[in-house]
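Each in structure tokens, the structures are laid out below.
Here come two complexes built around chain A, the first alongside chain B, the second alongside chain C.
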Partner chain A sequence: MTSTTTSTPPVASAPQEPRSTGAGARRRRLRDLRFALLMAAPALVVIVLLLGYPMGYALYVSGFDWNDKIPGDRPFVGLGNYVDLLGDGQVHRALGRTLLFAAVTVLGGVGMAVLLAVLLNVDFRGRTLARVLLLVPWAVPPVVNGIMWKLIFDGATGVVNAVGLGLGLFRERVQFLADPQLTMNVLIFAEMWKLLPFLTLLMLAGLQGIPANVYKAARIDGASPWQQFVRVTVPNLRGPILFALVVQTMWSLKVFDTIFVLTGGSGGPAEGTTTLSFLTYLVSFSNLDRGYGAAIAVASMVLVLAFALLWVLLLRDRHKEGVR
Partner chain B sequence: MVNSFSRRRALQLGALTAGSLALGGCVSANDPSAGGAAAPEDGPLRPGSAPSGEITILDDNTNTTFQASTIAAFEAATGIKVKSYTQGNFNDLHDRFATLFAAQDSSVDVVMTWAGWSAEFGQAGWLQELDASAVPSDLIQPALDAVSWDGKVYGLPKFSSVQTMFWNKEMFAAADLDPETAPQDWDEFVAAAKAMTREGQWGYACDIGNAAGAYQNFLRVLLLNGGDMYDADYKPIFNSEQGVEALTRFQELLTLHQVMDPASLQTTNASDLGDQFARGSTGIVFNWPFQYAVATGEESQLDASTVGNGLIPGMSVRSASIDGSEGFAISKFSQNKEAALAWLQFVATGEVQSKIVADEGWFPVSEPVLTDPASIEALPVLQTYQESTQYATKRWGVPWSSELDQLLSVQISEVMNQTTTPKEALDNAAAQTEELVRRYLG
Partner chain C sequence: MSRARTRLARTVVHRVLVALLLVYLLAPFAWMLLYSLYPATALQTLTPDLDPSQIRLDSYAALLSDPSFLTPMANSAVVGLATTVLCMVLGSGCAYVIARYRFRGRSVLLLGMLTVQAVPVIVLAVPLFILLRAFGQYDTLLGLVITYTAFILPLVVWMMVGFFEELPPSLERAAVVDGCNRLQIMTRIAVPLAAPGLAAAAVLAFITAWSDFFLAKVLTITSATTLPVRTAAFQGLFAMDYTSAATAGVITAAPVLLLALVAQKWIIRGLVEGAVKG
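What follows is the complex of A and B.
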């Protein structure tokens, strides 16, 4: 029955095939293409207006020496602002912080997400509740997330200090938000907390797709749990992992809201949390140096695109390896 | 041929036209090649003979009187309607204003300002200059300075503000200090702070957690040691011997004497500092006038009998302070400038100023209210303000205030965290400031 059912349609459609390669088919394809473009047009217009125009305008502005606080001419300086970027210590420091932040949050976040997903994939009592609770940080708006961690790590009234002192872990109150390095650590922690649910869900979905009989075969072959994780789980999660690396890298390089809330809009202390995105904001909106701010924004965009491209190339290569 | 101009083509052309107009509008409003402020130059604003219409006001959240009574009184007196009065957090307003102005937005007529923004936005051409005839003659000069830059007046002050010292008399008494006698110099201040510092309480606290706070705290100690920010030609001189010594002694409060609450390094505004003092576990703070109202308020652990107030003790001079007066300015892009000016003038009247003194605890901007005995009766700390006028009180609001705050806060934070020395920090900051001055003043 099954073979009869599946073989019927090709037979029925066979006489139409010669006609489908003719002029009529081309017209149909053209008409379909036009229809598809028409359907996509509203989205394309929105993208052009909301993304393309600002990006193009930023590129345009970055060619001018435009500081609102200096009245008069705004001379066109071409690549002058970009040349200045190369020798600007503040930009170099911000770039370093951005890369550090991205490296820790991306690699740490994805790594922890894999481990959490493996744990949540194990059948245990309360697993559903644990999975629901996992989503809580994702449901918290970024600004609330920043305020929450600011209060928790407050040097005078924060819970972390109260617990640390109560358990004898700290000899005195730790001023987490007064030291540049400590504040960067708090920022990384707050961001990791926020990003883990999405990444973990991604990995969990990937794990659901691994057939149980693969693990069964591995166990029959005598593989230990660690060997199963390394030889079965990780290779099968390659797709989700690489996707997570791409999106999380882009998000981490663009981090802004948590920094703003956590540091009271300063990117401090001692510019210790001023990443490239935050520096763009400070230069453009606090200092009103629009041309230079736009140049930093464009440079940041190039950086994000470069990393995205890097991951995509890696993804493609890995995919080819997998095919082979 | 019949179908050459179909409905679809018409829709396409319509969408293209709309898009082009939208983009063109955006570009024309913010085209860098078009030069500076685009508003037509119409000269300083004079008072109108019979201003009318409606105005929109965007203020910070330091005043409660306006919503409670001033707006109603203004509408009754002038017939001008206040369409909207909105308050925002001071730390957020700069960027909000900058965005409004850059977009040449005319929806807001009146904006709150202070010395730094008057210089910054005034030089940008975003604030309406006022004619001398629009400025009341009884204004106190420091208050008027807060709305002026480079010889031009860009607004009218709404209250005066100078930092003074507040101390907790209960903590003084508990530390065997005379609660009625203020420390007269820096050494006495340090000694008092040391005596009060013990488990769970600090002798002194401040707010250097953000860029503006760091600048203010540094400027204050600089003035207290007889130093200054610039010479007559705006050459930075804050890295002088007085400056280095002042910053060193400030740092020692945290590192050597250990009388400064370490949380001061993360406290980002004066309101939080005010609340901290009102909780009763901080001996001394140098804060704005509102501190008195907060410390004697219903939610405070203190009251009028346990809050001391006096001049900030100096290092090499008897005293000095920083100015934080605020005012209102008119957006260059406002369509209701005469009505807006009427609001500015109304707020500066004696009637409104007396309410601001009595109900909010800020200092007045008009001389008659300042010298009125009823004002001192309503706000005892006004007496300290009158005394402080004998000593240096500055703010140095300049167009490069934002950049200066940022670069100085980095250096001060590093000094407080002992990763650099006060001299290195100030030399570094002075070199960067010199670049800024060159850029903005030529």
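What follows is the complex of A and C.
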């Protein structure tokens, strides 16, 4: 998934210059090595210092009973925080919400994206425009996304209520953002709006890689449009689909900003939108329970990686015959 | 005849679906834009009153003359630009080396760059807070720039490796024969050739830095606050000034939206097609 392994291009470094031997070649190789280190080191240092170190530190903190609200000692508890987490109802509920949110946004998102890509992969005037406009939701900052949907779904003044009441669809105002389940639905809706376009563009790029004569051959063999979709389109999109599943899983399990804005920083109502990442925030920054918060965070990271691995294992074998 | 009819019907259905999609993509933002321009009461009915004479720019004038809004705006611009430049300078060298050298741990390094995406920012917030405070960089633009750079670099490097790998190595080999050193080969041949891809990476870096909310919220408090944090503050738990919130939302989204539309070709080619091929 990461590297394009078409015949590895001969590296333009010392080895394939005309076989010079001896001191000159060695000096050149040394110079090459110095260049490589000089170029690569600064980026790696920044990443390790500001990502690696905090990550290690979080792992370390998660081993302590460390609450900044309670002065005094911070006893080492080993895996104690992780044991607590297994029996914590709040964590279980947050996990359930996270999985629901991720299932809908990842599976629903990728599935919808395939359909939308097929819709847009037809030749028609305005096709380029449609592709460009797909970038609008993608580029809208998450905070703004939250505000936008709040304007639309507001219980007192939102347009959805105005239309629903006006057309007689609702008997009374629906408090979309006061009911835990409805708020979760609004959140899913808002996130879908933002993530669908990128996934669709991914699938569109994948579709364009399928040679037209494959479809022609399928048509000659008498395949119906549906059969063409199932037998030609979807198998050929395995590569993009795998990539989309992995990346979207990572993003979905991280969602935070939209929840914050949509719920006024509460993850409510009645913790209805408190996903694992939001719970981490509440525990770490409201309860100031740094140790426990770190443990939840580390656990959710393991969850993300497990899912990413799952997707790769599920789809890898077939991936090779997919897009290139 | 009936064949032509079904084809026509199919075309009509297709166009209707596309039209619905476009409405879906644009309407929410357009609605916020209207909210920023019209009195809220004009919009909160089944039949919004969109008489142009009702348009008011007061909320824009108010926000754009309010120092407590302008400072975060300037902060966001500085932080976004500085982060982008730093990401490009540090990232291109690193990506070039990964693309052109074969060394042990190379694929692990690349996979690691992608895996960093899985790390919830929240995990790192407390340690980062402590780290920045220790270096006196809490609530400073520099602290924010360095943090963003670290978070955005892995993705940028990962993308750029793909772009460099796509370049035919023959040109670079010719340059070796012509006596260019590695740095010259990179800056004079590889970087210009990979420019469209690098531009996509730069746009992505800027958009990510500009749009971040969480890190800015945790790592700044007053002097280095950014626009998304300021905008989110319009949204209280109970009451909300809709017009101001909508206006702030439009202002916050406008730069990245324009950037995305202007650079759409690069973004689609670089970000999307690169990812699919990679």
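One rule holds for everything that comes next: the second predicted complex is superposed on the first by the 280 of 324 C-alpha atoms of A that agree within 3 Å, B and C clash if a C-alpha of one lies under 4 Å from a C-alpha of the other, contacts with A are read in each partner's own complex, and residues count from 1 in each chain.
By our rule, contacts are C-beta pairs under 8 Å (C-beta built on N, C-alpha and C of every residue); 3 or more make two chains touch, one makes a residue touch a chain.
Since the model is a prediction, treat every value here as computed from it, not as a measurement.
A.B. asks: A:G80 contacts which: chain B (first), chain C (second), both, neither?
C.D. replies: It touches nothing on chain B or chain C.
A.B. asks: May I ask you to decide whether A:A178 touches chain B, chain C, both, or neither, giving the answer as first, second, both or neither?
C.D. replies: A:A178 contacts chain B only, not chain C.
A.B. asks: Of the partners chain B and chain C, which touch A:M301 in the superposed model: first, second, both, neither?
C.D. replies: A:M301: touches chain C, not chain B.
A.B. asks: Tell me which partner A:G264 touches in the superposition: chain B (first), chain C (second), both or neither.
C.D. replies: It touches chain B and chain C both.
A.B. asks: So, does A:G108 touch the first partner chain B, the second partner chain C, both, or neither?
C.D. replies: Neither partner.
A.B. asks: Is A:L202 touching the first partner chain B, the second partner chain C, both, or neither of them?
C.D. replies: Touch status of A:L202: second partner only.
A.B. asks: Counting only touches as set out at the top, which of chain B and chain C does A:I70 meet: first, second, both, neither?
C.D. replies: It touches chain B, and chain C stays clear.
A.B. asks: Which partner reaches more residues of chain A, chain B or chain C?
C.D. replies: Tallying touched residues of chain A, the top partner is C.
A.B. asks: Using the touch definition from the top, say if A:Y57 reaches chain B (first), chain C (second), both or neither.
C.D. replies: Both: A:Y57 reaches chain B and chain C.
A.B. asks: Report, in rising order, the residues of chain A that make contact with chain B in one complex and with chain C in the other.
C.D. replies: Touching chain B and chain C on chain A: residues 49, 53, 57, 61, 154, 264-266, 285, 290.
A.B. asks: So in the complex, which bits of chain A are touching chain C?
C.D. replies: Interface residues on chain A, with respect to chain C: 1-4, 8-13, 16-17, 31-32, 35-36, 38-40, 42-44, 46-47, 49-51, 53-55, 57-58, 61, 116, 119-120, 122, 124, 126, 130-144, 146-152, 154, 157-159, 162-163, 165-167, 193, 197-198, 201-202, 204-206, 209, 239-240, 243, 247, 250-251, 253-254, 256-257, 260-261, 264-266, 277, 280-281, 284-285, 290, 293-294, 297-298, 300-301, 304-305, 308, 323-324.
A.B. asks: Inside the complex, what are the residues of chain C that reach chain A?
C.D. replies: 14-15, 17-18, 21-22, 24-26, 28-29, 31-32, 35, 40, 43-48, 90-91, 93-94, 96-98, 100-102, 107, 110-111, 114-128, 130-131, 146-147, 149-151, 153-154, 157-158, 161-162, 165-166, 168-169, 172-173, 176, 181-183, 185-186, 207, 210-211, 213-214, 218, 228-229, 231-232, 234-238, 240, 242, 245-246, 248-250, 252-253, 256-257, 259-261, 264, 267-268, 272-273, 275-278
A.B. asks: How about chain B: which of its residues touch chain A in the complex?
C.D. replies: Touch residues, chain B against chain A: 15, 19, 22-23, 26-27, 30, 32-33, 35-37, 91-92, 94-95, 98-99, 101-102, 120, 123-126, 209-211, 261-263, 265-266, 268-269, 276, 399-400, 402-403, 406, 409-410, 413-414, 416-417, 439-440.
A.B. asks: Please name which positions on chain A make contact with chain B in the complex.
C.D. replies: Against chain B, chain A makes touches at 41, 45, 48-49, 53, 57, 60-61, 64, 66-74, 76, 154-156, 173, 175-180, 263-266, 268-271, 282, 285-288, 290-291.
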